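Across the two complexes that follow, subunit A remains constant while its partner is subunit B and subsequently subunit C.
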Partner chain A sequence: MSAAQKSLALHLGLIGGLFALAFILPTYHHGNFARIMVLATYAIGYNVLFGYTGLLSLGHAMFFAAGMYGMGLAMQYGGVPALPALFLGIIAATILAAVVAVLALRTIGVAFMIVTLMFAQTGFLTILYFGEWTRGDEGFVLQQKVRQIAGLDLSDPMTRYLAAWVLFSVALLATARMMHVAFGGVLVAIRENEERTRMLGYNVFAHKFAAVVISGAIAGAAGAAYGLLFGYVGATFASVQYSIFPLLWVLLGGAGTTIGPFIGALFMFYLIDYSSGLTSAYMLIAGVALVLLTLFARAGIAGEIKRRWAPWLP
Partner chain B sequence: MLKKITDRRTLLKGAAAGGLLAATPLASRFASAQSDAPIKIGFQQHSTGIGAAYGRWYGRTTEAAVKKINGEGGINGRPIEIVAEDDGTDPKRGAEVLEKFANQHSCDIAFGTLFSHVVYGSAPAAGELKLPYFVVSEGHHVASGALNRWTMQPGITDVKSQVAAMAPFVSKNLGKKVTMIFPDFAFGHDHRDFFTAAIEAQGGEVLEHIAIPPTETSFTKYFPKIPRQTEVIYHVMVGPGVLTFVKELGEFFGPSRPEIFGFIDSLEAVDMSSPGLEYLEGTYFWEGMPRYAQASQSAHEKAYRTAVGVDDNGASLSDSKDVSTYAHMFGCWETLHTIKAGMEYADYQGPQDRQKLIEAIESMSIMPESAAHPQGAKVFNGRTHQTFGHQYISKVENSKLVLAHATSIADTFYEDEVDYTKMSF
Partner chain C sequence: MGAVASLSLLQTHGLTRRYGGLTAVDNVDFALPEGQVHALIGPNGAGKSTFVGMVSGRIEASEGRVEFEGRDVTGLPTHKRIRAGMAYTFQITSIYARLSLFDNVALAMGNRNRDAATEALARVGLDDRADQIAGDLSYGHQRLLEIAMGVAQAPRLLILDEPTQGLAESEIEGFNAIINALRGQTTILLIEHNMNVVMALADAITVLDQGAVLATGAPEAIRADAAVQAAYLGSG
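Up next, the complex of A and B:
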């Protein structure tokens, strides 16, 4: 079996497995997996920029929130139905990502991290500033009756699970495909050696710009879906911790691997879920787990598997 | 303008129903106690995050209330078991915690949330899980109609009624020209909107609204915006900046200050004799329940204070530096007692009776001052799922809060904004 075939089998296997789990999982875990798939989609978006292009953003919450608010405000004040609102959310995040890309890509390295962090903080404060419409820190609820697509009630656990599954599958397959074509190769080349890529004649800025926009759009899709599926839109999702989460998930799962973001989001979700049952210092447990991973599996879970046993892992 | 509820007759009818309700529990307890398995109440606790100080005291109050209720025979003869989960004061985790209560711990109901953003984030999950969700938040979210039929606030009054009830006292005793200083986020905006309307209804006016950005650490530059003719400063600065705020306010005004009125939310769990708070001497505060034991305190309040382990200064009996969130935490005690009354009235047997429980509590109205309601009598509005009650205004004297005025319950009424009873389950 060639690497490409193995890769395809892995992705289809994961997607098939998650589909099967929709009918097997106990109620509680069924609900959790729906959340995890949306959060993993967010991490997939983050991975495009961080894992493949080597640009560490500390401000992805602004894209997640742009998607969430783009969708939520359109539904709440414009009376837009759920599906078009979802796309409006993605468009909002895409436009924001393009604007941020033009400005932030003038910097590299630590400066890029700081600039994205500042932009995200500006985004967070902007949401609070327009509190009359955004309801700021409190946020607002999207009522069950409006959360429907083609007559399907997205608050129904099975429909919600399958909607999250479709979102995750599309994001996973799209990014896996992206990394299979020349465009993805150039992103990796930029990550490995930006100067050499430029010398080879590639337009580095255009590729980085595209990476930020794609990454932002996927993060925005996750944000819009999260708001729609779980019925709440709020500024908390634009706060700095929601910029740090995808970084943690990707680092844990394995930066620059297609399935790493899912593994990271899954691992972190259950780590917090179980450890919070043991102690109120559960973030300490999460922190220790992170330190251990950094010490003994620097490439993250999927990254370590790739290094040791499965070099074909995409 | 804020209007008071016009149909007082409904309330009187409610009083009769309330009496009926009070009479029923004992009968039903023995008639239908089929199981002695505990009633599991999921306690959504702010153990970590910005709400941790509140979460700690909400936890202690909950524990004390459960001890009392269980000691008196529990609910329908069944003991209460509290299943506490930390929500990190985060709306995303809040919703996950509700799912955990319903689907993993098999809780009968969920209860105990304080911070409004967590309530907003969690309420959709409560509606989808059809899990009765009793919040102790004082937010206007429930009564505004933004939530759903499964979410109720029967144990603590909401910010709109609290603020509206302050206006008569402020305009009569402190002054009619007010400058408001509040944090520039939703909680502050609620105060801005509700108080401005309420003081105008009293013939007063707000001269200036000074919104402080949430990231601000120094406030001096905002004080020159306070108009000279200001008679009263109304402040509600929540968060760690409050000590700096008070100190800088003192430096700005010196001895010749206008009257100052604030919400104790800023200073919950903060010792009134903390260095820097001296400037508050002689100023007034809203309190949900007087933190310092007053000469006039009722026997019910005294018993409650002892049960939750709080001394006469509002601090922990075991550590005088550990100041309670006394103005809010009674809400947990009263909510649990209302849940008990509701479950007994509905003859609650298990999750299949969750709807009956909601309907039972919707039918409640008058809740007299009692061991179950030590903060004072309440009037519950079943249509808006919100309770109404007395509000207290205290003056700082010798670094202690001394009760200056108690409002009537009628002072806190406003027109209904929703009728949840017309919504489907």
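Up next, the complex of A and C:
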């Protein structure tokens, strides 16, 4: 099998496995997996910018929240049905990403991190400021009767799982495809050596801009889906910890690998879930696990597998 | 200047770069005929790299114009000049150290044609290492890879900034052979300190000193030039 065939087999295998799990998993884990797939989609979006293009954003919660609020406000106050609202959320995140890209890409390195962090904080405070509509920290609940697409009730566990599965599958296959074509190669080239890439005749700014917009759009799709599937929209999702989460998931799972974001989200979700069952100091256990991973698997889980055993891993 | 201009692939008019009070490149008029291998020499700090930086667009000109193929490219960003047919290899090796040789060359070509990449690597004798990671190569081989990337771009003008720096004698012979094989197909602007390489390869030489053109002409004439000798002896 060629590397391309292996990676296709891997992606279809993962997607197939997750589909099968929909009918196998016990209720508790069934719900967890639906959540993990949506969060993994968020991480996939983050990985486009951080893992492949090498731009570390500390403000991705603003895109996640733009998707969530774009969807939620349209439904709550505009009476927009679920599916169009989902797309409005994605559009909101995409526009925000384009604006942020134009401004933030004037900086590099640490300055880029700080600028994205500041934009995200501005977004968070804006949501609190307009608390009359956004309900601030408290958030608002989307009624079960409006959370329907084509007659399918998204609050039903199986429908919700499969909706999350579709979202995740599309994001995974789309980014895998993107990294297979020339465009993805140029993103990696920018990550590896920006000046060389410019001196090979590539428009570095245009590629970075596209990477921010694609990354923001996927994050926004995840945010909109999260709000729609779990019926809640709140300012917490715009807070700084939701900017840090995708960074951690991607670092743990393996930055710059297609399956790393999923592995990272899965690992961290269950790490916290399991350790919080043992002790109230569960963050301590999570922290120790993170330290161990960064000491012994610096490329993340998938990154380490790629380095040691499977160099073909996309 | 009409007849001369039509034969020149590259021209600069009054090209100047100032850094604060220092004038790194001072009012340089330069013409590079199509097909020529032209060496740019001069003592350290003469402004050679700054000059080619302005030609390729890496460095913004304070004053003056750059014309490429008769077109004013002074206002064009780097990537558009490269797209127009320039290639540039860095003084300090700049490759994709964590990618394979194939990936390096594929990025230079702008496509992933395996045969074309192998051919480009074969020019510098690295075709049997296409799947190795570039950073694992020896220093000399990394320099050769960078030259292969420049050639793989199929440029009209290939700018080489001190390509033989740090190469062993045997590797320098190989480099000379590569340039001779390109002679006639590609116009080459070569910054070089090694006078043996310059004398072996250059059709013409321009000497820069303190940012200004000190002399320009055929290799024999430059070698005999008293002002050039003075600059290199350090009295200038």
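In this section, the second predicted complex is superposed on the first by the 314 of 314 C-alpha atoms of A that agree within 3 Å, B and C clash if a C-alpha of one lies under 4 Å from a C-alpha of the other, contacts with A are read in each partner's own complex, and residues count from 1 in each chain.
FYI, a residue touches a chain if its C-beta (ideal position, glycine included) is under 8 Å from a C-beta of that chain, and two chains touch if they have at least 3 such contacts.
Remember, predicted model here, so these are calculated numbers, not experimental data.
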Please indicate which partner A:Gly185 is in contact with in the superposed arrangement: first for subunit B, second for subunit C, both, or neither.
-> second
May I ask you to decide whether A:Arg35 touches subunit B, subunit C, both, or neither, giving the answer as first, second, both or neither?
-> first
Figure out whether A:Tyr129 sits in contact with subunit B (first) or subunit C (second), or with both, or with neither.
-> first
In the superposed arrangement, which partner chain does A:Phe237 touch: subunit B (first), subunit C (second), both, or neither?
-> first
In the overlay, work out which of subunit B or subunit C sits against more residues of subunit A.
-> B
Pick one for A:Gln148: touches subunit B only (first), subunit C only (second), both, or neither.
-> neither
Pick one for A:Gly201: touches subunit B only (first), subunit C only (second), both, or neither.
-> second
Contacts of A:Asn193 with subunit B and subunit C, given as first, second, both or neither | second
Of all the subunit A residues, which ones make contact with subunit B and with subunit C?
-> none
Subunit C touches which residues of subunit A in the complex?
-> 182, 185-186, 188-189, 192-193, 195-204
Contact footprint of subunit A on subunit C as seen in their complex | 56, 58, 77-80, 82-83, 88, 90, 94-99, 103, 106-108, 110-112, 149, 153
Given the complex, residues on subunit A that touch subunit B span 26-28, 31-32, 35, 125, 128-129, 131-132, 135-144, 155, 157, 230-232, 234-237, 273, 276-277, 280, 282-283
In the complex formed with subunit A, which residues of subunit B make contact?
-> 47-48, 85-86, 90-92, 95-96, 99-100, 103-104, 116-117, 120-121, 123-125, 127-128, 139, 141, 146-148, 184-187, 189, 213-215
